[in-house]
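Labels A, B, C and D are assigned to the chains in the order they are written; within every chain, residues are numbered from 1.
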Amino acid sequence: MLDTLGIARLEDLFAHLPPEVLSSRPLAIDPGKSEYEIVDYFRARGDENANGYASFLGAGAYAHYRPVLVDTVVSRGEFLTSYTPYQAEIAQGTLTSIFEFQTMICQLTGMDAANASMYDGSSAAPEAAMMAARITGRHRALISRTAHPEYREVLTTYARHQGMKVEEFGYDQDAGSIDMADLEKKLDDRTAAVIVQSPNFFGIVEDVEQAAELAHRRGALLVVMFTEAVALGVLEPPRGADIVAGELQSFAHPPSYGGPYAGILATRDKFIRQLPGRLVGETKDSRGNRAFCLTLSTREQHIRREKATSNICTNQALIALMATVFMTVYGKEGLRELAVQNLSKAHYLAGQAPLRFSGPFFNEFVVSTNGRTPDEINEVLLRKKIIGGLPLARYYPELKNAMLVCCTEMNRREHMDQVAGAFR
Amino acid sequence: MLDTLGIARLEDLFAHLPPEVLSSRPLAIDPGKSEYEIVDYFRARGDENANGYASFLGAGAYAHYRPVLVDTVVSRGEFLTSYTPYQAEIAQGTLTSIFEFQTMICQLTGMDAANASMYDGSSAAPEAAMMAARITGRHRALISRTAHPEYREVLTTYARHQGMKVEEFGYDQDAGSIDMADLEKKLDDRTAAVIVQSPNFFGIVEDVEQAAELAHRRGALLVVMFTEAVALGVLEPPRGADIVAGELQSFAHPPSYGGPYAGILATRDKFIRQLPGRLVGETKDSRGNRAFCLTLSTREQHIRREKATSNICTNQALIALMATVFMTVYGKEGLRELAVQNLSKAHYLAGQAPLRFSGPFFNEFVVSTNGRTPDEINEVLLRKKIIGGLPLARYYPELKNAMLVCCTEMNRREHMDQVAGAFR
Amino acid sequence: MIRKTRQHITQNEPLLFERSSPGKKGYQLPPLDVPEIDPAAVLGAGKTRSAIEDFPEVSEVEAIRHFTRLSTWNYAIDLGLYPLGSCTMKYNPRVNELVARTEGLAWAHPYQPESLAQGAMAIIAELERALAEITGMDAVTLQPSAGAHGELTGILLIRALLESRGNPRKRILIPDSAHGTNPATAAIAGYAVENIKSNDRGMTDVEALERVLDDDVAALMITNPNTVGVFEENITRITQLMHSKGALVYMDGANMNALVGISRPGEFGIDVMHLNLHKTFSTPHGGGGPGSGAVAVKKHLEPFLPSPRLQRADGQWTWNYDVPETIGRVRAFYGNFGVLVRALAYIMAHGGDGLRRATMDALLNANYIRKLIEPHYEIAYQAPSMHECVFSDDRQAKHGVRTGDIAKRLIDYGFHPYTVSFPLIVHGALMIEPTETEGKGELDLFADALISIAKEIEEKPEFVLKAPYLTRTGRVDEVTAARRPILRWRPSPPAKAAD
Amino acid sequence: MIRKTRQHITQNEPLLFERSSPGKKGYQLPPLDVPEIDPAAVLGAGKTRSAIEDFPEVSEVEAIRHFTRLSTWNYAIDLGLYPLGSCTMKYNPRVNELVARTEGLAWAHPYQPESLAQGAMAIIAELERALAEITGMDAVTLQPSAGAHGELTGILLIRALLESRGNPRKRILIPDSAHGTNPATAAIAGYAVENIKSNDRGMTDVEALERVLDDDVAALMITNPNTVGVFEENITRITQLMHSKGALVYMDGANMNALVGISRPGEFGIDVMHLNLHKTFSTPHGGGGPGSGAVAVKKHLEPFLPSPRLQRADGQWTWNYDVPETIGRVRAFYGNFGVLVRALAYIMAHGGDGLRRATMDALLNANYIRKLIEPHYEIAYQAPSMHECVFSDDRQAKHGVRTGDIAKRLIDYGFHPYTVSFPLIVHGALMIEPTETEGKGELDLFADALISIAKEIEEKPEFVLKAPYLTRTGRVDEVTAARRPILRWRPSPPAKAAD
C-alpha cells in the first residue's frame, strides 16, 4: 500500500503537517497489553468496588434482574456494531426494533409518539423544557423540588443561557408530594412548562392530573418525568401530560456506576415536529413492502443546524434496544407482575420503618433516622454487607435525618429484615 | 389446537397408553424456578468450588487463556443452535468451518485427513485402536504406560469385548519416556497398533519416530496421542504416525470439571475409509460454486449400522468450533509463541524443583517430593491459595513420592516461586 | 406461496487459508515473566518444528468477520422451526449458556481437591437424582458423552451382569426401526445383532420377538416411543418376556421427551436406558454436539457402573474409585460436565409440572402437524403419534419427487427440513418432530408449506426437483464429494479469488 | 462485477404486536417472599392501570427469534467495511464488551459509598489521565454523554470563563464545513452563529475569519482535521489570532483519530475540545449509541468544569462537589461509565505506540482508497487527506446519478455506503472513512466496487438509479414517511399477515 501511494514510511503520511503542530514527545502511555491482562485489570478494579453486598440504593439508578435474552440480543454483531440506520435498506433490523421501541414507550406513557432515545433521564428534562418553550413561545420553567436533584441541576445548566428562567416549587412536608398551592401560586402566563416527577424522588406517586389541570389553566405544558420505569407497569399513564421525559435504566441496564442509561421523550401528535432526537417512521419500499426509515429529520441538527430542535446526534440506541428486549420478555403480564413485586417488597420493608412522608409510594420511600444520622445506620449495615439508603442531607438540608430507601425484586426478605432491624 | 385435534384436554394425547405404563405418581421435582434463581443456584455451587486459586494441575485438562472471540463466535445462534449439517444448502457456515478445522488439524499433526471430532481424547484412543484393527486385521494393541492412565482405562473398557488384547509396555525409569526395549520385546506379528502419547503423561516428549520404526517393522500401525494440543505449536508433527488421536481441550475450552472437550482422529489418505466420525468434503453446488457437505457417510452407523466404523453420532462440534476460532486467533505465529511461553514457564519452575525424570519435557514435569508426601506439599500450597501438582500414587504406585506439575501461560512467576519454595 | 422468507444480500468469504497473509495476527500474549526458552535447545532440534506450514494468519477483525459471515449461511433454531425427527431440536434457553460459564464451574479442574470441588459434585449428584426420578430407575451414571456412548455403556453393563451370572450370551435383538447407533453399539460390545421386524402398526412384532428369543439372547434394545413416534403398547409384555428368558431390556431413551412426567421406563420393566440430555433436556446442538448420554439402571446393574462413582461420605461428596465390579471407565474424568450443568438448569427451570407440561406440548405439536398434513401425505402408520409423526413420500414419489426433494423445497419456504429417509422401515420417510417449544404460528406456516409443496409436486414436479432456489448455495453435489473426497484445503493451485 | 455478495434466504418477521397472542409469556419471576400488595389499595384505584393496552405477549423462543431475524436484516462492522465518513466505524474489540460487564463494575451503584467504589473511580481517573496525555490538555471531564453533549459542555465552559472576565460575548464563529452539531450547540449555549467560509483547499479561510473577528466573538469552533479530512494548516495562526482578540478556540475532536500520537491539540493552541470516545476509542455504535463526549481543557478553563470533580484525598478517590465556579452538571451521575471502561480498555490494548500506529494506519487506508478512486471520482479538494477522503459526485451527476444513488448501489456490492451529502460545502459529497482496522483486501474490493459503479453509471445510469437490487428491502420511500408520519404501531386495522 505504501508503494501504491509512492511513499516509503508511514510517517510520510503526515509529512505535510506544519512542524509546530507535531507532538513534542511520544505518548506517555504504557505499551499495549494483551486481552488477558486487560481482563485482569478490570477484574481487579471491580473487586475494589462493592462485591457481594445487598443494596437498598435507588434514587435514579435501580438494580433489576436482567433477563439473559437482553445480552444475547445486543451481543449480536448486527445490532452491536452497526450505527444510526441512515441506509434503510440494510438497517431494517435496527429500524424495526426502534419502531417497536417507540410504540411500547407510547403504550406505557399514554403518549402518541416517542423518540428513539435521549442520553438519559436527566438530559431529557431540559430537552422537554426547551421543547415546551418552542411550543408555547414562553421562557419560564417551573420544576418540582420532588424531582431528582441532579436532574434539576442539569435543567439549570442547560437553561441558564437560553433566557429560560427555572424556578422550583415546594413539596408538602407531610405527604412528600407536590405542594399544589405553591405550584399554583408560582404559575403565571409566562410559564412554558411545569415539570414534575412521578414517582418522585421520594418514591411518592404524584397527582399528575391535578398538576396538569393547574398548568393547562395557565397555558403551560405539563412535563412528567420518571426515573423508575418499572412503576409504569402499575401506574396509570400520565394522560394529562403534554410531554413525558423519562429514564429507562430500570429496563435491563445495570446501574453501571451511573451510565450509559437511556432517556426517552414522548409527546402528543400535535407536538411531534418539536420533538428532538431521532424518529423512525413507517413507509414502503420500491416493491410495495412495508419498510421503516428515519424520518422528520428536518428537525435535526444535521439538516437544520443552529435552528434544530436539539443538538443531539449520537443517542443511546443500544440501551434502548436492551429496554426493547426487556419489555418484550416481560410483556404485558410480566411488567405488571414485576411492578407488583417491587411495590410489595418496598411496602414490606416500609411497614417496619419510621416513614418520613405519608404519600402513596411505589418502590422507594424516605425513612426518618430519628436520633441517629443516616451514616450511623449505614455503618451498621455495611458491616453486614448491606448498603443502606441514600442520606438526603446533600440534596435536602431539611431532611438531614432521613434516607431514601429502595426495594426491587432483587432484594431478599432476609436482608430487608436486617435493614428493618437497623432502623429500630 | 386442541379443537383441531378434537380433544378436550392435553392428557387425551396419551390416553391410548396402557394404564400400567403411566407414572405411579407425579415427579418429585421442585416447581419451576426463575432465571434469577437458577443463576443464583449455579453461582452458589461455583462458589463452593475453588475460586481465586492459582493452579498447577494439568494431566489432560489445561488452563489456557480463552480469547474473547471464541465465545463471541460460538454464541451466535446460527452456530450454537444448529445441528449436524445434513442439509448442506443451509449449513455452509458449519460445513465450511469444519472443513477448516479438518485442515488445521492436518497441518498441526502432519496427517492428510482429520475427522470433525470425537468425544474426547480418551475415547479417540480406542477408536484409533479399533481402526488399526480393521486396517491390519490384527487384534492386539500395545499401549505405553506413559499414556494418560484414564485413557488406558478407557481403551481397556472398549477393547475387552472385541477380542482385542491390550497390553502395556513400560517406561524408562530415568528418562520417563518409553522403554523402547520393552516395546520391541512385546511387539509381535499380531499387533495391530502401538499406542504412545507425546508429550506423555509425565510431560515428556517421546521419540515418536523410533516407536514408528519399531511398530512398522512388525507391520503394526503407530497411533500417537496427545492431551496437550498447545505442544503442537513447537513440536515436529508425528510424521511417523499412522493415526493421530488427540484432545483439543487446550484450544479454548476451560477445564470445566472434565468436559465437554473434543477429541480428534487424523490419519493418512490411504486409511480415510476406515476413519470413524463425521467428515466434511469439498464439492460444487448446482450453480458451479464451491460448496461443502458431509461425505463418506457409508462409514457411519446411520448407513452401515452394525458394520459401521464406529457407533459415534453426536460429536463435539461446538467445542471443535471453539478450537477452530482459537487456532485462527493465534494463527501461525501465535500458536508457536503460546507454546514457547508454556515451555518457558514450565522450565522456569522445573529449574527450581527436584525432577523425577531426565527426559525433555514441554509444559508438565514430575517432581520428586523426597521426604514428604505430595499431599503434605499441597496442603502448604493450598493455604496460600495455590493448587499444587497431581499426586501420582493412584496411577503409578511406584511414583508415590512424586507429583505431576503443569505450567501454562496463565501461571505467574510469583506463584511459581511460591511453589518452588514449597519444594525446597 | 412463500410467505416466510425473502432473499437478502449476504457476504461471501473465502477459506481462512485463502484469507491469510503473512505477518497478520489477531492475538497478543502478556509479556513472558520468566526467561524465554528456545524449544530446540531443550527438546532437541529434530523434535521441534520451525513453523506450522500454511496455518492461517489473519487479524482479529478478519477473524470475527470470517466466522460472522460464515454463520449467516446457517439455519438454526434461533431462526425458526427445526423439525429434524429424532433430534429433538427444541429451543435452548440462553440462561443455560450463562450458568455453564459460571467461573467456579467452567474453570474447575477435574483433579482439583474434592474439598474444592463440592459445588461441581453437588450438581452432578442433583442431576443424577433428578434423572433417576424422571426415569424411575435406581442409579444413574453421567459419564457417557452422547447417546451412542450411553448405549455402549448400557450394553457393557448388561454384558457385565450376564457375565457375573456366568454367561454373557451372544445376541442382541434390535427392532428394524432402530436408530443406526443401536446395532453399531451392539457390535462394538461384541454381540451379534438380530433384527426384529416391526408390525403394521409400526410396533415391535411380539410374535417375531418370541420366535427368536432363546438363551443366547443377551438383551433387547428397544426405543420407546420408537422411531416412528409410536409408543410400544406391548412394552410390559415384552419386558416380561425378555426377563422370563433371563435376558435384559435396554431402552434407547432418545425419545424420552415424549414420556417425561407421564411414564417412567423403570415402571414398565426397563433394566437400563440412556437419555440424550442434549435432546430431552435441551443443550444447544452446536452444529453436531456436544451431548451427554446419561445412563440410568435398575439396582441389579448398579454394581457395574463406570468408575468412579459419586458418593456421600462424612457430609462431603467424594469420588469412589473402588468399584470392584465396574465395567471400567468409558471416558476420562466424569462426563460432559458443561452439558450436565445445562441439563440441570433446564430441569430446574421447568420443575416437575413444567416437565410434564413440556411433554404434553410436544405431543400436541406433533399431533397437530400430523392432523394438518395427513390429507396430503401418506402417514406411515395409523397408530397414534407421540412426539413426532412419520410420513412416507409414496404419493409424491408417483410424480418422481422423493422425500429428499421435498426437504430441499422446504428450505425455500423458510424451514429446516425434517429428518429424511429415516427410519429405514418407512419407504421415503419424512420424520417430523416439532418439539414443544414451537407456537401455533410457526407450525401453521410449516404445514402450509408442506401442503403447498404437495400441490407444486402435482403441478410441476420438475420444479421441485431442482430446489432450493432461494439459498446462496444451490443443491449440493454430494455424489462427487464422496467419489473423490477432498477433505482438507491444500495450497497447490494458485489461490482462488474470493467467493 | 459483484464479487463480494450472494443472495440468501432470510426470515420474514412481523412486528412484536402482530406476533403477540394473549397469555403468552417469556419471563418468570422468583416467588414473592413477602406478602403481595394490591397496587390499587396502596396507590389509589384511579392511579393504577389494569393493563398496558396492546403491549406484546410472546414466548421466550418467539422473542429470541424475533430479534435474531431482525438482526439478519442489518449490515454491521462485523460483516464488513463500514466507511461512514466522520463516524469512525472501526472494529470494536470484543474484550471491551466483556470487561464492561465485569460484575463489580456493571453493578456498581453511582451512590454507593466511595470506599466501595474505588475501582470505578480509579478507572475514571486513569482514563482522564490518558486523555489529557493524548490531547495535550490539562484536565478532562468525562461527564458528557456524546460528542454533541461535549460540545455543549465546552461552549458553556467558554461562556463561564468569559463571564468571569466580565463579558460572555455574543457570537461563535463556525467554518461552513462544520458538523451540524456545532451550530446547534452554539445556539443552545445562547450564542449567535456566524459561518466562516472555507477556502479552495478545504480549509478555514483565515482572511475571512479575520474580517469578522471582533470583541463580540466568544470563540471559534473548529474541527481539525476538518470534515473534508484536511488538517487545518494554519491552525497555529488561527488560535493565536483568536487569543489575540480575547476569544477562545473550541476544537471538535471527532476526528482525533487522525492525530492521536502524532499531534496534540493542546500544543497548537486549543483551549477546549471534546473527544468522541465511541469513535476514536472504539465503542460499538450499537445502532446509534451510546457514546461519550469527554471534554479536555486547558488550565484556565478547569475551574468551570462540571461538578462533581474526581480528586485524590487521603490516598482515596473522592468526588468533590464543592466546585464554586462550575458550570453545573450536564447530566446526572458521572458520565457513561460503561463507555469509559471500553475506551480505557482500548487505550490499554494499544498502548502509546499502538495508538500512534493506529493513527498512521487510518491515514494510510484513507489515502490508499483516495488514490485508487481518484481517477474515477472528483476529489473535493486537492489538499492531502488525513483519516478520510471526500469526493463529489460531479462527474456522475452529469449522467443523472447522485451520491445517494451511488451509495445505494454500493449496498449491492456488499458494503455499507460512505456518508452521503456531508459536508455541506461539497456538492454531492461522498465522504469515505475506512478507519485503521481494515485490511488491504477489503479496501481493494471497495475501490473496485466504486470503480465498477462509475462504469455502470456511464453505461446504464438508469440501472444504478433503482439500486439496491440484492436486498430484502428495496429502495425505501423516505418522502412518504415524512409526509404522513406513522411513528408507532396502532391496532386499528385488522392485523396484517406476516411479512
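For this structure, a couple of remarks:
Convention: a residue touches a chain if its C-beta (ideal position, glycine included) is under 8 Å from a C-beta of that chain, and two chains touch if they have at least 3 such contacts.
Given the structure is predicted, the values throughout are model-derived calculations rather than measurements.
Contact tally for B-D versus A-D: the pair with more C-beta pairs in contact is A-D.
In summary, the interface at A-C recurs among the listed pairs A-D, B-C or B-D; the equivalent pair, sharing over half of its contacts by residue number, is B-D.
Averaging Cα coordinates per chain places subunit A and subunit B 50 Å apart. With centres taken as mean Cα positions, subunit D sits 20 Å from subunit A.
Multi-chain contact residues, meaning those touching two or more other chains, occur in subunit B at positions 32-33, 35-37, 39, 67-69, 72, 75-77, 90, 409. With touch defined as above, residues shared between interfaces to two or more other chains in subunit D number as follows: 9, 24, 27-30, 60, 64, 68, 72-73, 77-79, 91, 93-95, 97-98, 349, 411, 468, 471-472.
Partner subunit B is touched in their complex by these residues of subunit D: 9, 27-30, 64, 68, 93-95, 97-98. Across the complex, subunit B meets subunit A through its residues 35-36, 39, 65, 67-68, 72, 75-77, 409-410.
Of all residues in subunit B, only 32-37, 68-69, 72, 77, 90 touch subunit D in the complex they form.
Subunit C meets subunit D in the complex at residues 3-12, 19, 21, 24, 28, 59-62, 64-65, 68-69, 72-73, 77-80, 91, 93-94, 349, 411-412, 414, 437-439, 441, 445, 468, 470-472, 497-498.
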